[in-house]
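Letters A, B, C, D and E name the chains as they come in the text, with residue numbers starting at 1 for each one.
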Amino acid sequence: MAPKRSFRPRLTLALDTLGAWTLAIVWIAPLLFAVWAAFHSTSDAVNFNLAGAWTLDNFRTAWDGAPWLRYFFNTFLLVTVVLAGQLVVTTLAGYAFAQFQFPGRDVLFIIVLLQLFILPEVLIVENYVMVSRLGMFDTVFGIGTPYWASAFGIFLMRQAFKSVPKELDEAARIEGCSWFGVLWRVYVPSAKPTYLAYALVSVSTHWNNFLWPLIVTNSETTRPLTVGLSLFGAPESGVNISVISAATIMSIAPLLIAFLLFQRQFVQAFLRAGIK
Amino acid sequence: MNDLARYERRRRIMYGWMLLSPALILLSLFAFIPSAMTFWSSLFSRGTRRNPSEFVGAGNYELLFADPTFSKVVVNNLIYAGVTIPVSIIIALAMALWANSKIPARGFVRTAFFTPTILPMIAAANIWLFFYTPGLGVLDQIGALFGFGSVNWLGRPETALWAVIIVTIWKEAGFFMIFYLAALQTIPPDLKEAADIEGASRWTYTRRIVLPLLMPTTIFVAVNALINSVKLIDHLFILTKGGPSDASKLVLYYIWELAFSYFDRPQAAALTVMVLLVLGITAAIKFIILDRRTHYQ
Amino acid sequence: QTELTMYYPIAVGGALTQVVDGLIAEFHEAHPEIRVNSIYAGNYDDTRVRVLSAISSGDSAPLSVLFSIDALDLIEQEMIIPFDDVLETDEDREWLDSFYPGLMANGQIDGQTWGVPFQRSTIVAYYNKDMFSAAGLDPEAPPANWDELVSMGLALRETGPYGIMIPSTGYPYWMFQALATQNGMELMNGDGTETYFDDPAVVEALEYWVSLSAEHDIMPSGTVEWGTLRQAFLEGQTAMMWHTTGNLTAVRDEASFDFGVAMLPEKVRPGSPTGGGNFYLFEGASDEEYRAALTLIRFLTDPERAAQWSIATGYVGVSPAAYETDVLRAYAEDFPAAIVARDQLEYSVAELSTYEGARVRDALNTAIQSALTGSAAPADALAQAQAIADRLLAPYR
Amino acid sequence: MTDPFVHVESVEKRWNGQLGVEDISLSIPRGSFVALLGPSGCGKSTTLRLLAGLEVPDSGRIVIGGRDVTASPAAERGLSMVFQSYALFPHLDVAENVLFGLKVRRVPRAEQRKKLAEALDMTGLTGLEKRKPGQISGGQRQRVALARAIVAGHPLCLMDEPLSNLDAKLRHSVRRDIKKLQRDLGMTVIYVTHDQTEAMSMADMVVLMKEGRIEQAGKPAELYETPASTFVAGFVGSPPMAFMDAAILPAGLTSAGLDAVYGVRPEHLDLTQEGEGLLQAVITHCEYMGSETFISFDVPGTSGLTVRLPGEVRRSVGEAAGLTFDLSNLHAFDKNTGYKLSR
Amino acid sequence: MTDPFVHVESVEKRWNGQLGVEDISLSIPRGSFVALLGPSGCGKSTTLRLLAGLEVPDSGRIVIGGRDVTASPAAERGLSMVFQSYALFPHLDVAENVLFGLKVRRVPRAEQRKKLAEALDMTGLTGLEKRKPGQISGGQRQRVALARAIVAGHPLCLMDEPLSNLDAKLRHSVRRDIKKLQRDLGMTVIYVTHDQTEAMSMADMVVLMKEGRIEQAGKPAELYETPASTFVAGFVGSPPMAFMDAAILPAGLTSAGLDAVYGVRPEHLDLTQEGEGLLQAVITHCEYMGSETFISFDVPGTSGLTVRLPGEVRRSVGEAAGLTFDLSNLHAFDKNTGYKLSR
């Protein structure tokens, strides 16, 4: 016979479970409905005809309705360019802030942190002028470069590099590494969880970014998914809910599937990087 | 021998600046210079064929204050921030506590909470549009089951902003949950055990230990939520376009409209300057006051 | 070979894209020396942003289709040039006279022509004949005036669906212009420097609109969504809707019931504003590009093409000659709804167009929406809109 | 009282089928100081946590103060606990940390103040009331944890390696303080450690554990002088007991036969000239400790042969020497099971 | 070679004006094992880091192997270092960690392989090549750090408290391994520790530091038997030397006058019946250690009076007893400066 805990903890667990499940279902419901609508004809969808036949027509219509492949490619290129630039810039700056003592460093750091609050979104007008002036209007670099010097990234990298034990740095130096060698062989590998978490944040942010690309893209050849989706979803003459749901599902599918497959690692990366 | 130390120092300074230069150049190009330019252009009137641009000082600001839409969007944005920030924080906290407890199907619950976060706001808005549409929408259909009449959620000034707020909370809470979850996992389990032995109830433990220890996270999340309440407007493009009668128009959307729809860059600049000012004050409060206070270690 | 970049205000890849792409392909065949690169940029507002962005960042965009009512602002921003600067031959000038005058109204300013009509529409009333029958109404006799609209609406409401839906998001001012015109009052003067939002006839028009839901309950309260209205009509939520003729083909393709198209009802006169997009020529291109652009515009607006376009989309054929073509005649024979828009052109007025157009329209939109949503009395709302318009327009008078 | 204060009866706990602890039975008299000793992973913490009520046993019975508490939650067992990491609440100051339990139990303010003053006084923390745990040293943190345990006034206090985060010097002095506190307050303390010195010097009773089971329980001297197995013999004492195969000893010297292994403590070994003594050996290490020198030897068939000699003794590594010992000081164990052979 | 291998000449290092170390002069012969000993914060690590080239001295000169390296970067000094935390790269496996330096220096593959095999063999790590530091035990991590230091083949190896993260048992065995490696490879080792047992048992020369200065340097027995000051006397030996004011000793017993303080080691104190002996004392602690028992006493005017007795001795706390000692075993120090009084 095994001694059992009293009744109270089991009751709380039951209440917790009930609460958590309810909230979870409420939270996921919109997405489920969108999926449902995407696979049904419009009238079945809006009338909740549970017997309605499942169909792929909406996807066919949506797929033919816009150059999605191009949009996917653009978005993919965009997140790659943004991430690559961010990794280089934030690594260098984070390293400087974490490991180099020089006058003015702390003031500079505060200035960088200020940028956390000077949102690129708020500066759309002048940034748009700047991007035009630099000849980057309607290019993937035009969308990407303003995000390269991410203050959040610099902050994270500094944090990660600071938490690398000083001994590792010194051991590498004794073994003959230059400052770059130390950065490359010690700091960068040690900050891997942070890189991973940051990459995830960056990719999902820029996969989802809308306002800025809306403003600086002009053509199909640069337009990312989100802007494409918004154009697709707001035609002059009216919308078809099922087709829009299909397009929406289609455009979120890659990220959603990636997330569902890797959600454990995704969440873990966040937790391990200790972002807070 | 002092030369040695001095040489070493100089080398470090050089490297430091070298490493920082890409970031500084980019920050200047896309944050600091544009900020300054925004301020500068907010001092000039708009140039048209009839009235060339001229220096007007605070003129644009005066115009803005005279503009009823301006006060409307400010009030809207205050409501938007005032509701989305606390509500999404509270929901995120509840989610994190649940997602961190030993309930069945925890993986599903976590995924459900977090999934909205990875959707583009534009896509989320499309989905919610389907929810809100009067007559056809899911909300109305559910309401009909309980005998409520059709409600035009996005089409009525009383409800439009709230409809937008709900979408924002839905999108944000899961994201904030992750930060709380991370923070919860850094709380050593023996604190809970120590409290158990002292006879603290779950509620006491949560209130007296967990919440205070989560304070830095709460501040971080609150600042993020505040920033989002300024920048998260993508769904307006799909859901309401700021209507009806500006009932759901937010500041950034208005900036966009001023600049790209009305071609009134100076007004947009003036409004931008005010937003930057508010954000700057927030930044100061965060860095100077809050960060100092929460460093208990 | 001359390269032309043309911005076009439709959602990429929609049904319309294929039509436009088809037309361009035909053009390429006919004029191999010109290459047209068309960029589909979404709705009118988005497209305008796109074009202006492109131009201010130094790209050349010699021609584009933009909102017909943007002309004044575009002139004011010194963005467009008049067609008169490019026309060379008498034949060219004749071509300019071949359009319906109603469609030219918005594009002719200060004695010059700045816009040439292409993707033009007007508002028509779509109605569900099956529902009319079900409510005991004659499916061939849609309401001809305001009172009939209400009485028929009430009859229809008896059987369940709403009687009518007039969209009040997207372009509320446009719908409202129809009502005001029917009540005998235009909303602005020809120069775009005056508006008459607080005129009693205008106020009465708004009161009528509001009464449809508030008093008679034949229209849902709150605003009616432009984007989802077609869906609502197709789903049988309403027996009538006012919408752009541009929707005609889509409704025809999707409707599972018998539907009719009618002119809008009259109060003191019949009336509807025109709408839609014009071709504009933008500053900063070379003469050669302007010539090529003109060639393209003439190609796309010639009667054969205009007829084809009208059939494919439901938009109005831009010249009387278009309706004389065999294809369109045959089509109209088969589908009489297709010429309702043309017939209505006789009564149509220019779309609301002033300096500071976007803001003035927004002010009016806001007034309309506040009245419809019950947050302000029509008279007060319109008075406020008029005040804003006065303030905005003062510098231009 | 004849009844033991804490009584554990064949308690067992498994982690997903894997062994945690098994067949743990203990009787602990009121007021005694019991050390749970053993190598890492042997189940010391698990045992303590079962006692504390932080884990529920799979089977068995736990009685504290005459009350069966097997299924009671931690708070109802009337005990306090000091954690290895101290488990101080980082956002509360010293006073609040100490008073946490009293506040939870809504003890009146005045009494709180009185008890706080007492506890701080006893632990020498007076004056640090307003500091946060992050602002005091490791040793002081340790004392706060103690004060928190004291203030509750429970007769039973459980401690899980409370000294392992302190450095050697401090450990020694806090050890004495804990012992003194326990004696002065008459508390019953169950103390987990993996350091045999700590267990031997502080405890009235040492419970040596191995792989989830109790290997031997008894007074410190019992474990040292009559170890129940080679494991106990090798774990207790520093340097530990050396072992020799029966086979390498001069024939006829012992009676237990070749299946035995003999243990001898360093203080019972003597150095002789090369060629003399019972064993011939080569010096492998020579460690000078100030008051004494340890010399270790390598002899095939033995392990850990070490001689303890007073003062400094200079011998080079590699030198040969003889070793001798008194047979009465040998401990005989079964070669296969490791358990003591009754002589 | 008559020249010392490592030569440090009045080196000084300040941190923002605050003292780090001062006037450090040392001569270390090739192949010797030197321990830097001292309490926390006395400047041991700083001295080591100055030697390693991780810090630049404010003044003074450092010569290694006849080459003035005062201004050379760490990598060019031809030395290896073992850190307290081992400083293993967590993302590299054991083999990669050991070979890190060779890879940085682009040593040919074949040679890398050969040296790796040797070093792993020497440290008993063979078979663990592919494990990450997180997947091996503390003791094994320590060995990886050693292997990394060995593989470089430098004649000088600096170690900063390399054993302090290990538990008592392991510490003892690794201590021996390090000593053996050093002897076998003929390396010169400079070893930082705050544990006097470690320093005494391993080093050929102990450098005892205090507040940034060298207090006494010499052979272990020198420090134990002729401590230069009360600080040295109290730091070396366990339990440490006890001190008695001259005033409490029976008058006329000693010659140095009342300004002296006398030190006596536990092994030189003897217990007598109450009322007999030179001092009358009360027992405050009684710690049984298996082979011996330490009994501590409280006598006004003395500190740390402890007697070392063999085996188990049962005396109760609070009991009275007499103490006696041989005068020749007393160490006399100046009461004010703490320095040794020449007899």
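Some notes on this structure:
Keep this in mind: a contact is a pair of C-beta atoms (placed from the backbone, for glycine too) under 8 Å apart; a residue touches a chain by one contact, two chains touch by 3 or more.
If you want to know which protein each chain is, UniProt gives these names: A = Carbohydrate ABC transporter permease; B = Sugar ABC transporter permease; D, E = ABC transporter ATP-binding protein.
Everything quoted here is computed from the prediction, not taken from an experiment.
Across the assembly, the chain pair joined by the most C-beta contact pairs is A-B.
The chain occupying the central position, as judged from C-alpha centroids, is A.
If you average the CA atoms of chain A and of chain C, the two centres end up 40 Å from each other.
Note: centroid distance chain B to chain E, computed from Cα atoms, is 57 Å.
One inter-chain figure worth recording: chain C and chain E are separated by 92 Å, centre to centre, where each centre is the mean of the chain's CA atoms.
Residue numbers of chain A whose C-beta contacts span two or more other chains: 46, 215, 230, 234, 241. Residues of chain B in contact with at least two other chains: 129, 133, 136, 260. Those residues of chain E that touch chain D in the complex are listed here as 40, 167-168, 172, 176, 179-180, 183, 194-197, 200-202, 220-221, 224-225, 236-238, 265-267, 285, 287-291, 308, 310, 312, 317.
Chain B contributes residues 48-51, 68-69, 129, 133-136, 150, 152, 154-157, 240-241, 243-246, 257, 260-264 to its touches with chain C in the complex. Looking at the complex, you find that chain A touches chain C at residues 42-43, 46-47, 64-67, 128, 131-132, 135, 137-138, 215-216, 218-220, 228, 230-232, 234-241. Put simply, chain B touches chain A in their complex at residues 9, 12-13, 15-17, 19-20, 22-27, 29-35, 37-38, 41, 91, 94-95, 98-99, 101-105, 107-124, 126-131, 133, 136, 138, 141, 170, 173-174, 178-179, 181-183, 185-186, 202, 216-217, 220, 227, 230-231, 233-234, 237-238, 252, 255-256, 259-260, 265, 268-269, 272, 275-276, 279-280, 282-283, 287. Listing the residues of chain A that touch chain E in their complex gives 165, 167-168, 170-177, 181, 185-186, 189-190, 192.
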